[in-house]
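Two complexes come next, and they have one chain in common, subunit A, joined by subunit B in the first and subunit C in the second.
Then we have the complex of A and B:
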């Protein structure tokens, strides 16, 4: 456990020194600028638009970090040969993979946490800009804590994307890993269409294949409850917990696969 | 118990994308290195030295055969606590300083607090890294990275240390410092296994060597045994020898080569068949003064070139498969 923590802290340090956290400045600037501009252009819809934009930005900024740091986590170590020195130390290959993953998960956690704070701060400020009569007409308060449920699922989704990127990075090049990870992310958001594929095709094998893929591929659409929380529609806590558990099981399988591949790999 | 032992250690690679062909990187290496000795692992480029070291570090897995370090299979985490490794052309994390890199690695061995800081200070001093230890490694030159690489390999005070080309990228002063460091390690009882192209270093430092060529072991043993009786002739230095006398000695086949050192002063190479004492007597009788007489021993370089010259070149499995 100590070894995993040690590797994870090094990954976090690397992300900080490589200025990955600068994206937080970009996020804050974007949100503040948009809020200001909306104040000049629209009336009444400002808060809803900022909520939409804020949640989408947390997801997109997080996704960029997950994919582009995730694909290089293992590849960079192998390509630059820094892994030679590391693996000669008392560390198992499984500890290396889990530590790398934990380090990026920590980076993502800090990112999402800070973005969430900025998001709520901007909404709290907007809240003060409207009279009571307008605020009572909103379906939910500006700083509705219910939005945290969407942010929790965004975070689990990012952890899953990171696990996919890490899995691919144990055996393929960054370009291929990025393409495969993004491809899975896109397909995963249209997963429901695979389920209903048999309704639009007559071919039985094609329908079976689509149904099989539906069960195998990650269902990213399940993590997206942004619309519901923005419109203050009810999202049961049980749904959030089950979806998060689904994500965790998927992550565990991917990390196990990554460890299995990495443990057999030759570093020529 | 040997510090390192390998038995029929073999590694094949597959090369080529469309039609992969087997390539024999290491062929049945059987070797043992005693504890406390400095062992030189020599061979030309592509001989299989780095492959062997990677197998010992379990960075690659053998196709067949086995290897042990300190009596335990390679890859054992307990063994890794007792060894150090300097990879060839080492590269570390750009974002860390030399101190932070050593802290990172020391943490993997469980060092902490004052003990860790003291050890890091001492090691960086020992390899000659000064105030630049607080710079990120991305700003380090090749030679400085090599020094940091040596320091990290010693972070756990290892019982066995593996150096892959330790002198690579170092200036003459750096090479001398590392030579001293290796001897200090030996004096502490540490086993040093190092691969090198620099034969003079091996000759100065090693008690035993192995020579690898074409993935195969072509010679191994005590350096003194490998070279001891390989006297290939004699060199005598004389004063007062005239040009005509020299010509006669050459014509008679007594002298194979003469190097003029000054007026009537020569260094003469004699073949092994000539008895130097008899020649000395005869020359002295002619009024020639004898300054010195020395056997010309084969150097490690001569030995190396001879061994490599006779080694098989084919690395494809088609011709060497057993």
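Then we have the complex of A and C:
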């Protein structure tokens, strides 16, 4: 456990050294600039649009970090040949992989947490710019804590994307890993179409294959409740817990696969 | 060395700003022939392309719709009027069916006659019916459909039927049923129109711009009442003296008025060959066609 913590902390420090946290400045600037400019463009829909934009930006910034750092986690060590030095120490390959993953997860957590604070701060400011009569017409308060449910699921989604990127990075090049991770992320949003594939094809085997893929491929669409929380629509706590659990089980599966592949790799 | 680099950067930045100013001075790039383009019109295709960012894309289309409406309304060109308004609003609500403002916006402005809108009440109703399908509990959409029938089609029985339908929604306000009854009894009268707009102006759910628009319509109704009164005074003066008054001064001197009359926005009324009307500067222009839109007492 200590070894995993050491590896994780090192990954986090490396991310900080690589100026990954600079994206937080970009995020804050984007939200503040948008909230200032939107008033002239949206016919009074500023708060709704800042909510949409803030949640989407948290997801997009996180996605970029997950993919582009996730694919380099293992590859960088191999490319720089530092893996030889690392593996000659009393460190198991499983601990190395889990530590790398935990480090990036920690980076993502810090990112998402700071972005959430900035997001709520901008909304709190916007809240003061509207009279009471306008505020009562909103479906939810500007700083509605219910939006945290969407942020929790965005975070679990990012952890899943990181696990996919790490899994691919254990056996392929960064470019291929990025392409495969992004491909899976896109397909994961069309999951519902795979389920309904039998309605559009006559071939029974094709329908069965699509149904099989529906169950096997990660269902990223399930993590998206941004629209529901912005409009204060009911999202049962059970749904959030089940979806988060689904993400965690999938992550465990991918990490197990990554450890298995990495353990068999020959670095001679 | 460092100072030289800074100086070079300042000079180069000055060059960039100067060239940009020159570019602006010369009027920018040559005029393009295709300004109003909507590459994807299919809401279904757009929803798929959006992945999980459909709400953000809906916001973008909403901003485009508002810009398109404002730009077209200010434009003096007679062609290409509001042709993207419905597709943009339709894409917006298809991507985010719970985004309520575009439905209300469409209800008012899609139905409005040119030059204020495209004069398409059918599209306004189609948009609102889409809203009712997505949110069957929204009495406001049923009310808005009644509104379109009332204002744009002058179909008062149909308007009353929709108001009655809205009144049957579980969360409908208690003034909805009397509104349906009033519309059926005296649909088209100025008083029922006033009642309708007052409800909108006082509605908490209406957006700020929607309330402002309702306020403007109420001012138009007040102006129409005032114009009727002034017209009676002008006609009476003409009948007594045998000639038309050339200005408010004559009516003041004759004791018909005390001071120059102004419309509810503070702009003086105009009198021209014995006919009273709004000044061209008034933002209440154009008044709804008397007797057709608002139902002047005949």
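Just so it is clear, the second predicted complex is superposed on the first by the 266 of 268 C-alpha atoms of A that agree within 3 Å, B and C clash if a C-alpha of one lies under 4 Å from a C-alpha of the other, contacts with A are read in each partner's own complex, and residues count from 1 in each chain.
By definition in this document, a contact is a pair of C-beta atoms (placed from the backbone, for glycine too) under 8 Å apart; a residue touches a chain by one contact, two chains touch by 3 or more.
Small disclaimer: the values here were computed from a predicted structure and weren't measured.
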Sharing subunit A, do subunit B and subunit C clash or fit in the superposition?
fit
Could you say whether A:6 touches subunit B, subunit C, both of them, or neither, answering first, second, both or neither?
first
Figure out whether A:143 sits in contact with subunit B (first) or subunit C (second), or with both, or with neither.
neither
May I ask for the angle at the C-alpha centre of subunit A between those of subunit B and subunit C, rounded to a multiple of 10 degrees?
150
Looking at A:230, would you say it contacts subunit B, subunit C, both, or neither? Reply first, second, both or neither.
second
A:127 in the overlay: touching subunit B, subunit C, both, or neither? Say first, second, both or neither.
neither
Where does A:85 make contact in the superposed view: on subunit B (first), on subunit C (second), on both, or on neither?
first
For A:189, select first, second, both or neither according to whether it touches subunit B, subunit C, the two together, or no partner.
second
Would you check which partner chain A:49 touches, where first means subunit B only, second means subunit C only, and both and neither mean what they say?
second
Give, as a whole number of angstrom, the minimum Cα separation of subunit B and subunit C in the superposed three-chain arrangement.
22
Residues of subunit A contacting subunit B in one complex and subunit C in the other
none
What part of subunit B is in contact with subunit A in the complex they form?
13, 54, 57-61, 77-78, 80-81, 83-85, 87, 89-93, 95-96, 100, 104-105, 107-110, 136, 149, 152-153, 162
Can you list the residues on subunit C that touch subunit A in the complex?
48, 51-56, 58-59, 62-63, 66-67, 96, 98-99, 101, 105, 204-209
Given the complex, residues on subunit A that touch subunit C span 41-45, 48-49, 52-53, 56, 59-60, 133-134, 136-137, 139, 186, 189-190, 220-221, 223-224, 226-227, 230-231, 233
For subunit A, which residues count as touching subunit B in their complex?
2-3, 6, 10, 13-14, 17-18, 80-92, 264, 266-268
